[in-house]
Amino acid sequence: MSADPIRIQLINPNTSVPMTEKIRATGQLVAGPGVSITAVCPSKGPSSIESHTEEILAAQAVVEAIGEAERASGPSPDAHVIACFGDPGLDAARETTGAPVLGIAEAAMHAATLVGRHFSVVTTLDRTLGRAEDLVLRYGFERACVGLRATEVPVLALEEAEADAVAVITDSALAAVREDRADVIVLGCAGMTDLCQTLAEATGVPVIDGVAASVGMALGLVRMGTRTSRLREYAPPKA
Amino acid sequence: MSADPIRIQLINPNTSVPMTEKIRATGQLVAGPGVSITAVCPSKGPSSIESHTEEILAAQAVVEAIGEAERASGPSPDAHVIACFGDPGLDAARETTGAPVLGIAEAAMHAATLVGRHFSVVTTLDRTLGRAEDLVLRYGFERACVGLRATEVPVLALEEAEADAVAVITDSALAAVREDRADVIVLGCAGMTDLCQTLAEATGVPVIDGVAASVGMALGLVRMGTRTSRLREYAPPKA
Amino acid sequence: MSADPIRIQLINPNTSVPMTEKIRATGQLVAGPGVSITAVCPSKGPSSIESHTEEILAAQAVVEAIGEAERASGPSPDAHVIACFGDPGLDAARETTGAPVLGIAEAAMHAATLVGRHFSVVTTLDRTLGRAEDLVLRYGFERACVGLRATEVPVLALEEAEADAVAVITDSALAAVREDRADVIVLGCAGMTDLCQTLAEATGVPVIDGVAASVGMALGLVRMGTRTSRLREYAPPKA
Amino acid sequence: MSADPIRIQLINPNTSVPMTEKIRATGQLVAGPGVSITAVCPSKGPSSIESHTEEILAAQAVVEAIGEAERASGPSPDAHVIACFGDPGLDAARETTGAPVLGIAEAAMHAATLVGRHFSVVTTLDRTLGRAEDLVLRYGFERACVGLRATEVPVLALEEAEADAVAVITDSALAAVREDRADVIVLGCAGMTDLCQTLAEATGVPVIDGVAASVGMALGLVRMGTRTSRLREYAPPKA
Amino acid sequence: MSADPIRIQLINPNTSVPMTEKIRATGQLVAGPGVSITAVCPSKGPSSIESHTEEILAAQAVVEAIGEAERASGPSPDAHVIACFGDPGLDAARETTGAPVLGIAEAAMHAATLVGRHFSVVTTLDRTLGRAEDLVLRYGFERACVGLRATEVPVLALEEAEADAVAVITDSALAAVREDRADVIVLGCAGMTDLCQTLAEATGVPVIDGVAASVGMALGLVRMGTRTSRLREYAPPKA
Amino acid sequence: MSADPIRIQLINPNTSVPMTEKIRATGQLVAGPGVSITAVCPSKGPSSIESHTEEILAAQAVVEAIGEAERASGPSPDAHVIACFGDPGLDAARETTGAPVLGIAEAAMHAATLVGRHFSVVTTLDRTLGRAEDLVLRYGFERACVGLRATEVPVLALEEAEADAVAVITDSALAAVREDRADVIVLGCAGMTDLCQTLAEATGVPVIDGVAASVGMALGLVRMGTRTSRLREYAPPKA
């Protein structure tokens, strides 16, 4: 296993290079030995994914990033992570490749239920909560998820890690623990990945960042030799 | 990370030493570098867990195994796995230690939903299906799980890996794919851990063994530094 | 029917003899003519059941109490009641005997839905609410149950029937009526059995004590000649 | 309690006097000492309730029967039972009187879940299954109920207890056990009340007749002193 | 289509002639060219439908109004609307005629989900909320409906369009937007039909009146040539 | 209303011009007087939408078609219909314009529940059933929908209206009525719009084509003056 690392590609579907680097750093941190992490983002498209319209573009970017990685010379990634909390293009990605693909919302919600009973999501804009609600239902967590909380901190404000943004997010997480009766917090944006430790200390409960969670779960699937089912729904689409 | 491996303890709550060894072998296989796997079982109690009554004894054995490991000299396990498909004692285990604890039914069901839309569980005795149904609901997979299938192969017959048992289990998995429209199979017993590869080949769909799945997920949580929430429900119980 | 009364055994799975006597008194009060009520508790084990860990011990005590009663000389009980709001060991008890077995949480929740649309549970410690939530779902009352309220009054404080405890519980019940919009209150602990009348007067809505409710339902089943199904799940376990 | 029996009124909302007598007989059989059972039916209206249109007339008959009994000289009934499987007029009845009112579908479904995990309903005409489905959902038993089976035996054919009708019903119950995996059978018509024992013997699983079940549950509520909540929904309607 | 208009009959099941006229006016307003709207009400019965007991009488009135219209000389209505928010007699009406029948609660809830994610119902008396809850569940909108709000303004007070009543209803709608997070409001009474525009202006979100919504949906079904399924449940009842 | 018709734009997101014309024809047929129907399709992109990957392209095409229509000179459409059964881009479309937007899966499922209790969807390829399942859940019809049936007839084969294709689709619809117990059939592809009448005759139950259904519902919303809520989720996205 030494000469041939497990390769995990993190796909940030917005164009922010600093956010992509932040995502890569988290991935590397939790990957453990024998794992190679890469992170990519599209060269054009929206700078943040905060609407259904942008989500379509993000989905397109995700499918393209997987296709490019698979067509590139050298070994293909063993797994892919969609590093955007709406999990854009997840179903299409699972058609595109047999390698496991995880969304960070998906991974974060799964992980949250492994360390507590009730989680709340603390996220960016109110307008994204509908998509979050759809994902909660799609993944089966309508009883585990006790709150979806918008902070109205836009995605790009997170990159600056402004003190104000951190304070607002912390307040929202504390309110989730107190009012929603959450015993776990899920971070609702890839751009919050570097706030995880700070929030865990401030709230005293586990705080789950989907970037970190998805790398761990993807690695587990790769080591098990488990790939996406290609029967029926996720068979390769017609050319 | 070289000198201080991540320690994962697998707890088989029945008294079968060969099954315990089989479980340990699977754990070691998927653990990757820098991880130390141990597997334990109680010295007395039921030789297999196939009823609600035996499940109570299994739950007791799980809590005791965690307590013993934590009180032992040397470093405590970083995570625990309950290697019995009924996930006996899972809630109590999460009270007993802050280290992550996963059940293999839980881990297998979560993993199954990451690589397909619909899974069926192929398990041992019909009488255990009620417990499986409770777990499906507890974990939120009532839409993802499309079948619970008993083979009437008892747990201990699995240790002998009789050709007959394998044929019956294979037939059940094939029927799940065809009749339940499952695109993923979940193995419903820790004692089936060594059949995973055989069944995947026979069915052409991903086959998830909870022992393997739980090690990967536990590792991920440990590397994230995430521990069980001790707020409210999973706080340490009174002495 | 005169010479041969219907026998109902109430099982308090904690060691408190006064609470056991209180439970028996309630049972006797609602039993009507031609019924013999007995109440038992274990001689060792936890003095109250307020955690998942204690619940395992309680489950064990329940199964043993049923086994002892069935092995004793003289007629066996015609039905059993598990007088602890977590309904510990209920599934195992139904394997152990064909005589009907009811949990008091189960009986109380069923009864509540017969006299109103929405109930809230008023119980002891916050840490027990997870178990209550599981039971609500198991029994199908996720729409009928509109609140789970912890008072942080420990089980054993109830035995002293302190004025303070009563006031706190009354306040919680009133809040349930007002804020949860409950039109029925369910008492969340066998030790509250003697507060039922007081709370009904204070709130003006039906207040259901599971000890009383379970005796009535058990009697009904016995008079119908209905016993637990022994097909599949609740067949006797292997010895 | 000797001089003043508990009074339970069974209301058959169709005009069949023999069916009313059959219902009364079952009620008396399971009532136990100290209980007085009466059974009434309207003098005009449909001879059987097998459509939504007839259900409206049945609902009207139920409300009138309760009103008449409450206005009559002498003590009012302590509880009422709606002896028709559609539970017609149940909500209106709970507005009309504070005495507990139970429907036989309601009581049968509740009882079924106390002695097994999964029940199927075996009933008369296919066209009534929609109403049964609504009731299953209203009472919270959508997971417990695994089958709704019509025999196409009309209600009035049951009064003749024709061998053919019994054979068809028995076959349906056996199919429910085998194909739906029911471990309990619920009889879907008051007119089947006298088939309960025969079917239990034929199937080997508990068979629940709602007439019997409702009497037991009603008695329990009366002995507890529990009446319908008059807060909000079930307050008396305007005159 | 010019000589033979589409005929839609609106049935107000209470005896208020002014309310019936108000309902007809709304129907006419939204019907478009080529459509003939009639509105009827019973000559005796309750003056408003605000309890389960009155709902039975309303159901009876609905079935009779459809029967009368179908037996009258001249062309029968092409569709019927039940203009009372409890949708009384809807299932029976679908047995009575093959022409489409819609309830205004049904139509309003459906329409609400077409223009937003979450709706709250603003209605009259608290005691009617149970029925509304049943309808939400029956129609499948338990996730879309985020609030049921009673104003305690009785139905008949609406006819006077008192300023006070309008203010209370407006406050309730505003609270629904703010506290329930509704993005659409559903009016919970046919008598509110003339407040729709006022409330839409006051709240800034779509406000759905079921009278208007049902006319549009009924027209659509008629133009498609779609009638109620007469297979099984909605076949004509026995005479 | 004579000089200024209501304008409804049907958007076929695949490139098939004949299918677009077929869709327009259906729309015109059910629109009634005073309504102008247009139908558009993209000039490039997939010729049919039969995978998640193609659905992303379809979503993009839908958003673009709405934007073009709104930017064009002359009056904008009063409502839009997405004429593809996956309802691609529906949420994004609701951000793009305040005019009502309906998907044909959405409209068909809503309409089906207005004329029966249980519907089955008869559609093209098995691989599209996952998306259909997601939509059923999103719209709240998980109890109303009793079957999702793939015929393996590809979308483009429908344009040829081959006898074979019609026979296979008819058989599937008949099986849905018989085996799923559907009393209504929903056509699962815009390309089936011309089979509606044939299938209704063959099955004897209502058959719902979403193109027709959506035009009726859209018209109703327009005549009510109801537009999409622009509060929160469906506010215009950032440029």
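Lettered A, B, C, D, E and F in written order, each chain numbered from 1.
Assume a contact is a pair of C-beta atoms (placed from the backbone, for glycine too) under 8 Å apart; a residue touches a chain by one contact, two chains touch by 3 or more.
All values reported here derive from a predicted model rather than from experimental measurement.
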* Upon optimal superposition of chain A on chain B over Cα atoms, what rotation angle is obtained, reported to the nearest 5 degrees? -> 180
* **Chain pair with more C-beta contacts, B-C versus E-F** => E-F
* Write down the chain pair in A-B, A-F or D-E that repeats the interface of C-D; the criterion is over half of the contact pairs matching by residue number. => A-B
* Structure fact -> Cα centre of chain B to Cα centre of chain C, whole Å, reads 32
* Structure fact -> Here the gap between chain D and chain F, centre to centre from mean Cα coordinates and rounded to Å, is 44
* Using mean CA coordinates as chain centres, what's the chain C-chain F distance in Å? -> 53
* Residue numbers of chain F (touch at least two other chains) -> 117, 130, 137, 143, 232-233
* To do: Could you please specify the touching residues of chain D with respect to chain C in the complex?
  => 1, 30-34, 100, 102, 106, 110-111, 113-117, 139-144, 177, 181, 183-184, 197, 204-206, 208-209, 212-213, 215-217, 219-221, 223-229, 231-234
* Structure fact -> chain F residues touching chain A in their complex are 50-57, 59-60, 63, 89, 91-92, 94-96, 126-127, 129-131, 134, 137-138, 232-233, 235, 237-238
